[in-house]
Amino acid sequence: MIEYIENKEIIARRIARFFASGDVVNLGIGLPTMVGNFVPQDVTVILQSENGMMGLGPAPAKGDEDKDLTNAGGMPVTVLPGGCFFDSATSFGIIRGGHVDYTVLGVLEVDQEGNLANYKIPGKMVPGMGGAMDLVAGSKKVIAATTHLEKTGASKLKHRCALPLTAAHEVDIVVTDVGYFTVKGGTFHLEEYFAPYTPEWIVEHTNADIVVAPGCKEFK
Amino acid sequence: MIKKPIISAAQAAAKVKPGDVVHLGGFLGCGCPDGIVKALVAAGTSGLTLVANDTGIYNEEKGRSSGPAPLIKAKAFKTIIVSHIGTNPETQRQMNHGESEVVLVPQGTLAERVRAAGNGLGGVLTPTGVGTEVEEGKQKIVLKGKTYLLEEGLPGNIALIKAKKADRAGNLVYAKTARNFNPLMATACETVIVEAEEIVEIGDIDPDDVHTASIFVDFIVQAE
Amino acid sequence: MIEYIENKEIIARRIARFFASGDVVNLGIGLPTMVGNFVPQDVTVILQSENGMMGLGPAPAKGDEDKDLTNAGGMPVTVLPGGCFFDSATSFGIIRGGHVDYTVLGVLEVDQEGNLANYKIPGKMVPGMGGAMDLVAGSKKVIAATTHLEKTGASKLKHRCALPLTAAHEVDIVVTDVGYFTVKGGTFHLEEYFAPYTPEWIVEHTNADIVVAPGCKEFK
Amino acid sequence: MIKKPIISAAQAAAKVKPGDVVHLGGFLGCGCPDGIVKALVAAGTSGLTLVANDTGIYNEEKGRSSGPAPLIKAKAFKTIIVSHIGTNPETQRQMNHGESEVVLVPQGTLAERVRAAGNGLGGVLTPTGVGTEVEEGKQKIVLKGKTYLLEEGLPGNIALIKAKKADRAGNLVYAKTARNFNPLMATACETVIVEAEEIVEIGDIDPDDVHTASIFVDFIVQAE
């Protein structure tokens, strides 16, 4: 009997391994932002921030904040050498135009058709989609980052999203704290599992169609 | 080159008339003309429509109120057209109580709609929102097998924007991520008022470095 | 008997008088470019050049040409203090967006419906429309500048253009070397005449419907 | 930040394959990557489609040949998509003799079509061309009583552009009116090669002054 214990770090750690040097990446607020901490030293990714910058750097030291330099969450950041700034039309031109290699977003629900819901719980929470709809519709690869189970024990991976969609059929990869899945042909494909979870445990605890991919292995 | 009038924030606020569609620059408070917003709150103008990225950050406990938040709190808007209200619970409250109508627009679509209005385009075709609630009531157009939504231009009566630097003719330079929607809104409104941190003489900005051409700007306010 | 003698200068001279300080003006190649020489000293117009500049200045002194600074005809120019540069999308955004107060263009034909033909003579001359279609469709006021008669004696003002149109129903003002006309309600209105021509002569030598406007007077 | 390869004009020309759609920057020769054009003529590549503002200035008597004109003369293009050919009689000759197909597009529409392709828009709605031959075969859309033409994106395989300055990452700054179509084309093609007059180190360009972000640029050629 394997007990589920939420582990956001493994999600960020695994996602960081997808990137190759030169990839342009947009990291959403929250868990996806953690991904930046785990990119291997020999890989140089270029972080885009949809409020209008390329070459997003780490948070400044206390006292060095610049009121004119924030990320899409409104928090103070820095710009790396070789970065640049642009207006919101250009920023989303970059996003919609397919010039972002990976966008990483948190989810409320994600389903086996590649549908993603992360911007609205009707009657309860209506923060607005911000840039998420454009990011999911426009990026070359969309990675959904999420804990595998709700606090209630319900699976975040679904046969079909019940909440209003952020985008339809756009998710390519889902990484949870139990494994890494690709989404194709209307089903999840388990590509890697994270110990102590096993493919059997994962299939049992996921409320969606899952195929265990032929080369499925443990991620270390 | 013609010089543009330098006016006070109060004079700028007085140019906003009840019922106006107001384009307000800024992204979660970064690049928002705070001095004009303050004056507009003081003027008590209401019945406005807001076009902005978001409704700012509002936190009553921490006494934090940035971007459009002071105007939201003052109930200046009957209609709020933005991409995000998640950092301003007062907007959600007004929406839930029917005090304001909130229209949520994807951020990239909002940027293109403002740009289209300012650039003489009726609209653009975007893939964003296809298969979501955003597509409701909109014309869908299929080109080469891909479905797009027809999103129309979104013009305004008055743009209130923020720049790092303005020359006396109205040429503008923005700083870092404070650029965001400001240059787009400058093109899309009948009247454009910029709050500039620094006002310099004509000729002091390299013509290759200008972000917004002087002809878009009607009035300049010196930021405090 | 008044003899017609082509006089381009009077056309440029009259057009220059339409402008008020602060007006943004685009002057086409050829005759329209001459207009710039006759703007009154106390009027400051801002010349836009559709290849990407605001604040177009006069031609440089010989030897001072800059290969990176030309007008829409490819000729060396200068930029005035307070001018700026932008890309072609922004340039035509300015034009189509109604931010140009006056565009002045030459014509092959102009008709009483405000139709303009100036970019093509099928089978004979097909230079392409360049920026003319956008300028005519987008500018607040369109001024057609043309000699009144062809070398053959035919009127350039027509009931209906026969050549392919540059734009339909967009011309507001026509200035020829015999007078200045507004276009409204499907007819030309003669607003001013230029000596030695008289309203009678003009009506007689124009192959289109003309109303002599109530306040019609001689331009001096 | 990743550095982009610096290659020769000949290596740049070799990346253009027969049949490619080539976006070539410049306006009547101003802001055209002349070194790459020369190398492409030498390579003898043909069957290309040209997307450019014009076909340059060609005057055999005066020995003048600017912009795309040397490539036109070399019969590199089977299709020519431009706004203007009036300063290059050789283009008219090839068109009249059926040696090349020439598609004339209004200049502002061309700019928006290139931008749309690079910015993930299916197209835009423009009033330009309504009531003219340009509207033939195009979808018309009426919004608020005004008629627009639906103009689709115009992507390319390879963009050959010219900049004043490039840093090693590929951030670009253009000079004066040599900017024109260059930044638009940089967004719209699978491969982007810039011919830069000056190549500087990463960090040498102020991030507020960058006209084209590094991520659009694949290769850099040092202009002679």
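Which chain is which? They are A, B, C and D, in the order written, and residues in each are numbered from 1.
Note that a contact is a pair of C-beta atoms (placed from the backbone, for glycine too) under 8 Å apart; a residue touches a chain by one contact, two chains touch by 3 or more.
Just so it is clear, the model here is predicted, and its values are computed rather than measured.
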### Smallest count of steps, each to a touching chain, taking chain B to chain C
1
### Task
Would you pick out the chains that touch chain A and also touch chain B?
D
### Query
What's the chain with its C-alpha centre farthest out from chain C?
A
### Message
Of the chain pairs A-D and C-D, which one is connected by the greater count of C-beta contacts?
### Response
C-D
## Note on the structure
Chain centres from averaged Cα atoms put chain A and chain D apart, in whole Å, by 36
### Query
chain A to chain C: how many Å between their CA centres?
56
## Note on the structure
For the pair chain C and chain D, the C-alpha centroid-to-centroid distance in angstrom is 29
### Task
Round to the nearest whole Å and give the separation of the Cα centres of chain B and chain D.
33
### Residues of chain D engaged with two or more neighbouring chains
112, 115, 120-121, 126-127, 174-176, 179, 207-208
### Query
Which parts of chain C, given as residue numbers and ranges, touch two or more other chains?
53, 79, 85-86, 89, 92-93, 95-96, 138
### Chain-to-chain touches, reported pairwise for every pair that qualifies
A-B, A-D, B-C, B-D, C-D
#### Entry: Contact set on chain B toward chain A in their complex
27-31, 53-54, 57, 66, 82-87, 92, 95, 102, 104, 106-112, 114-115, 126-134, 164, 174-184, 211
### Task
Would you mind writing out the residues of chain A in touch with chain B in their complex?
49-53, 66-74, 79, 85-89, 91-93, 95-96, 115, 126-134, 137-138, 164-169
### Query
Along chain B, where are the residues that touch chain C in the complex?
1-2, 115, 118-121, 167-169, 171, 187, 202-203, 205, 207-208, 210, 213-216
### Task
In the complex, go through chain A and note every residue touching chain D.
21-22, 24, 44, 46, 48, 53-55, 79-86, 89-90, 92-99, 138
#### Entry: chain D-touching residues of chain B, taken from the complex the two chains share
112, 116, 120-127, 139, 141, 143, 146, 148, 150, 152, 173-176, 179, 207-209
